[in-house]
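Chain IDs A, B, C and D follow the sequence of writing; residue 1 opens each chain.
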Amino acid sequence: MAAKSSGQLPVAKAINESLRASLEADPKVLIMGEDVGKLGGVFRVTDGLQKDFGEDRVIDTPLAESGIIGTAIGLALRGYRPVCEIQFDGFVFPAYDQIVTQLAKMHARALGKVKLPVVIRIPYGGGIGAVEHHSESPEALFAHVAGLKCVSPSNANDAYWMMRQAIESDDPVIFFEPKRRYWDKGVVDSSSIPAPLHRAQVVRTGTDITLAAYGPMVKTCLESAAAAEEEGRSVEVVDLRSMSPIDFDTIQQSVEKTGRLVVVHEAPVFYGSGAEVAARITERCFYHLEAPVLRVGGFHAPYPPARLEEEYLPGLDRVLDAVDRALAY
Amino acid sequence: MAAKSSGQLPVAKAINESLRASLEADPKVLIMGEDVGKLGGVFRVTDGLQKDFGEDRVIDTPLAESGIIGTAIGLALRGYRPVCEIQFDGFVFPAYDQIVTQLAKMHARALGKVKLPVVIRIPYGGGIGAVEHHSESPEALFAHVAGLKCVSPSNANDAYWMMRQAIESDDPVIFFEPKRRYWDKGVVDSSSIPAPLHRAQVVRTGTDITLAAYGPMVKTCLESAAAAEEEGRSVEVVDLRSMSPIDFDTIQQSVEKTGRLVVVHEAPVFYGSGAEVAARITERCFYHLEAPVLRVGGFHAPYPPARLEEEYLPGLDRVLDAVDRALAY
Amino acid sequence: MTVESTAARGTSRSGGKRTAAAKPAAKKTAAKKAPARAKGASAPEQPELVQLLTPEGERVEHPEYSIDLSAEELRGLYRDMVLTRRFDAEATSLQRQGELGLWASLLGQEAAQIGSGRALRDDDYVFPTYREHGVAWCRGVDPSNLLGMFRGVNNGGWDPNSNNFHLYTIVIGSQALHATGYAMGITKDGADSAVIAYFGDGASSQGDVAEAFTFSAVYNAPVVFFCQNNQWAISEPTEKQSRVPIYQRAAGFGFPGVRVDGNDVLAVLAVTRAALEHARSGQGPTLVEAFTYRMGAHTTSDDPTRYRTDDERAAWEAKDPILRLRTYLEKEGLADEAFFAKLEKESEELGVSVREKIRTMPDPDTMAIFENVYADGHALIDEERAQFSEYLASFADADETAGKGH
Amino acid sequence: MTVESTAARGTSRSGGKRTAAAKPAAKKTAAKKAPARAKGASAPEQPELVQLLTPEGERVEHPEYSIDLSAEELRGLYRDMVLTRRFDAEATSLQRQGELGLWASLLGQEAAQIGSGRALRDDDYVFPTYREHGVAWCRGVDPSNLLGMFRGVNNGGWDPNSNNFHLYTIVIGSQALHATGYAMGITKDGADSAVIAYFGDGASSQGDVAEAFTFSAVYNAPVVFFCQNNQWAISEPTEKQSRVPIYQRAAGFGFPGVRVDGNDVLAVLAVTRAALEHARSGQGPTLVEAFTYRMGAHTTSDDPTRYRTDDERAAWEAKDPILRLRTYLEKEGLADEAFFAKLEKESEELGVSVREKIRTMPDPDTMAIFENVYADGHALIDEERAQFSEYLASFADADETAGKGH
């Protein structure tokens, strides 16, 4: 079923429309979470959905994340397709056992005889001046786990389409929503044929160096690339879109052209997704790389209080610094 | 207080003696967990401790891992030094929230005004023919988290000393015990001055290539090195001992000499510790590396049923295959 | 009779048609059973235990639960328990012979499992732990399916939907939430099926079980929580999990709890049936605590002599679930020699058939490692599968080359 | 009076000496309050609510709880509530002015917090949520400490041991386990202190809270679980968490639960004191449910008009905790005009002082990012700190160069 044409929409609203379209398209789709009903979620991503689809399909749950995911698994076993909201990144951990031990492994445990089409929406990342636990980027902790898929859109059109695809997927998908981009507007082209969910996209072409990022850092990388251009550097930007699987082919193609790669994410660098990209691309492009793959990301420290987050978060300057260092090889 | 001289001991018994010595040395040390009392734990690592130190210090807990770690935090706040046993790797996840959100971050949250000297013992890894959830290697899921330290001994002497050091540390330490090496014997030299807890050790010197591993895979790497020697290859083996922090200096030194590195672990390669080692060593040794850092580890699949684990686990052949591939560059 | 045909009896309800339905697991029962105890140390007053057949094989009445079964139905329950025990013993010995890596015996818990298993309708759904071999039997699950995971050829692997019997769950307590979610789905579908979630006394401490109580109460989900309190969680006695009887937990979440003699198959059947009816009729969850005993080790890896006495075991032996029903059947003339002889033979055959099945059970194909990780595929799995195939092929090549070379 | 000196009154117990200790939170109370409800939909019978001061300001007696305070003590409680409300209002307006990123107001919950906070001894230990500003006040925590995390200069940062007041905990329910562990430690130490763990109605659904109930009961830990049921968990009413009153949860874990009028500071003081005494005397945990109302938004980010009506708020306004005590004080002639006038002035001064403090609160140093991650250091932190310093220095260099260049 085609979505309504939407024009310029903020990311949060694009997801809202995507959820609405999914609820319309398939009566088995459910929305679950804390405050997703009347309130429409703390970011209003589910705004109006309970009003239009009823309490039976848009479900305010008790305050218990393990309970949310555990019952979503049971609902999926009964044939439903639950889309669960975790209110903030830092609150997903009470559900971690159900996600890692049950949700990720049940399809394999059953030798394929059950499917768990559960989507877990997690508004993630920093930059909104919030208190502790409201600004984390835990994606590596999920991407390491076989049986899960992890994606993160960087713009409204992807937010719309990737959510629809995630809900249609028969696998559990952790859907990381870049919360500080919720209010960024973009055109949602509801008639376009979307790219496959796990395909990376070259969002800016260049020849000197490649920047790879996903979610909130794509915008940062695009701005960095624009700034670098003024200094005469041609920077290619790849939006990974998916952290599990990672579309290494697209990155490889880019790096074979540019010879240099910087991976950027908000999450701590240590054991982060940049490590996986660096390790694998180095293996694939050993003779093409003119510099080691560099990583820009969070430090090995808890996400700092809001008044330090600007310093903590990778921004234009730190990305450009890494570009300089890579080009210096 | 010096430990009793112990001679040849299995790894499990070395840990038992280490716990005993720690209980003797400091009245604030507690042992907690499921079945750690009369039973002495399912691997008998706490055998005899409740008998000798009483139920007040060696505590059988209710069957609730979040409860174990959560109350251990409270006990630590009261001045105790709890050593918590998680019965098997796959059962740590119910406690993951308390570990990641509270244990790891409380010292920083308090700006250093509280310390949480909690040790979490996790028998981990495969190779013992067990059922699901009893053979996993989740170390990357902890090493990525700032505020935690992660170590794993590969032999009895390290098991003894690293446990003593972990308990003496004022930071939370996740102590990964290589369960399939529990019965491997080694000399515990209770008079030796131990190496620092987070220092890697070159356990075999060589010149052609470096193998880096920790825990159960160190033995595999040593055997591989011996086999490679027969083919005329000189393989250096570095026992990392610590997965957070990682002693990159020692690896770097080795790689600057050999020019080649293979990282071996049981955990899935994707987003695993090998990625972090590969990324950072490539950055540090870009001009020394004659081949990309290769990784040998688990596949991106749930740990398989016991009858497939021999194929799944990295063994001598797979390590040597990687050595061949690295040397072919 | 072969294993298959035995199992194929499926979920036909041996304790069936003639039973007078008990009153829904009554308000009163739970209400009066939830005294707050101010002191942790003192012994709890002996709570009411629903019993319909004493250890001595006497039929007794209970004010709230009743049952009236035909001789055939009673023999059916007896047969179920005997065959289940036999299957279990066979599995234990297969483990000793190295055919299984591990076995979790249900010895002593036959009445709890057969009584509850036979209370179910075909369209009800079961969420077991790792010890519900008797319930699996009632559902018609091929016993060799149960053995696969203990042998290490798979991690479960049967189709839960073919017998409405979910996969065994090893992580303690998790399945209570799955059961609750499934039950919520039943309500959404407007169906009148019910769900039963099994767990142990130890599991009652897990947060997930408490959250399942909360969700099921809030959504009034048609689920029966069936706790087999077998007195032990590996080496820990129930006092390490709770200082009051476990069934009392329910009242504080807003639904009834009842303790039943878990070694009395009639009482378990009556109580479970009432709880399922309660769920079906839109009245929400019930917690049934079946008070029973794990006669054997926790699993074949366990050594119970380290933590419990022979006396305790002996005391429970006197309450054996099978023995008491046999006494009753004999005393009342409800089964004759021929019945017992035939059953003995059937047991033998079951043992033989299970042994044969397990010994011919094929090992999984190596490449199964990569199968069923995802329903829709994953690029990395494809890559790793291809690399590993190539790697394995290199040995074949090497062997071949070596063969040629020499 | 300055903020500091006000706060410095510390944990001196304003509701102190003359009080007749109530009976330990009685067995009976909990026992008779735990009816199992077979139906989810029907309304629960109105449970007993311990009340000593009606909304109209009438002193009433209760068969199990009594209190007898001097006029000075009563004025002390009044003053605590007024100053707490004032501080809270100041913080709310500072948030509007952009001085704080967020504020979680306790408006309406003053009696629950002051009553329980003043029941504590200095050596007792408090584990708060993020809303216990009134309890912090009773403990003598400098209010500006509380503001730091809402301003974003730290994530708590005070020394929990200087006032036996743990850091605010944001992840719902976690602190219930910390409190239990701490209480277990008190028992090990042979001390007779007690612990109080605060949490909300929403938190009652979290597995961690249930596990805390289990551990505290099994180890008979001296902990009081103090649940402020303020009717809402953000937008969700309590019915989404439980279909029976929350205090009833305790009985099924084997300890008493009691519901108290959370807007009645006298009743809260009496009930909490009894529960703490109960814990101290080795009788283990108690669950106190303070029935109250969150008069404001969940936090300054919230918009309650989306999910609740003005009528509801108005109904609760009539039960205001401060108003009823004022009525009583005035009616009984326990406080004169001068007292109220002086308190008004003190409130103003508190407001001014808090405003000043916040406006002069320095931002943290950038390099604080790397501090206190580990107590014993971590090689990677050292490396990252050094690299980041160098990186920052490169800008200084660049600026300098630039400066020189032009």
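Annotations
Methods note: a contact is a pair of C-beta atoms (placed from the backbone, for glycine too) under 8 Å apart; a residue touches a chain by one contact, two chains touch by 3 or more.
All values derive from a computational prediction rather than experimental measurement.
Among the other chains, D has the CA centre that is most remote from the centre of subunit B. Of the two chain pairs examined here, A-D and B-D, it is B-D that is joined by more C-beta pairs in contact. Chain centres here are Cα means. That of subunit C falls 44 Å from that of subunit D. In terms of their C-alpha centroids, the spacing between subunit A and subunit D amounts to 36 Å.
For the pair subunit B and subunit D, the distance between mean C-alpha positions equals 40 Å. The distance from the centre of subunit A to the centre of subunit B, with each centre set as the mean of the Cα atoms, comes to 31 Å.
Counting partners per residue, subunit A has 61-62, 64, 66-67, 90, 93-94, 97, 101, 105, 108-109, 132-133, 146-147, 244, 270, 299-302 as the residues that reach two or more other chains. Counting partner chains per residue, subunit D shows two or more touched chains at residues 154-156, 171, 205-208, 211, 214, 218, 240-241, 373, 378, 380. Touching subunit C in their complex are the following residues of subunit B: 34-35, 37-40, 42, 60-64, 66-67, 90-91, 93-94, 129-133, 270, 299-302, 304-308, 311-312, 317-318, 321. Listed in rising order, the residues of subunit D touching subunit A in the complex are 101-102, 130, 149-156, 170-172, 202-203, 205-208, 233-236, 240-241, 301-302, 306-307, 363-364, 366, 368-370, 373, 378, 380-381, 384, 388, 391, 394-395. For subunit C in complex with subunit A, the residues that touch the partner chain are 154-161, 166-167, 169, 171, 174, 176-186, 188-189, 207-208, 211-212, 214-215, 218, 371-376, 378-380. Subunit B meets subunit D in the complex at residues 56, 61-62, 64, 66-67, 69-80, 97-98, 101-102, 105-115, 146-147, 149, 169-171, 198, 244-248.
Across the interface of their complex, subunit D is touched by residues 24-27, 29-31, 33-41, 204-211, 214, 217-218, 220, 239-244, 248-257, 278, 283-284 of subunit C.
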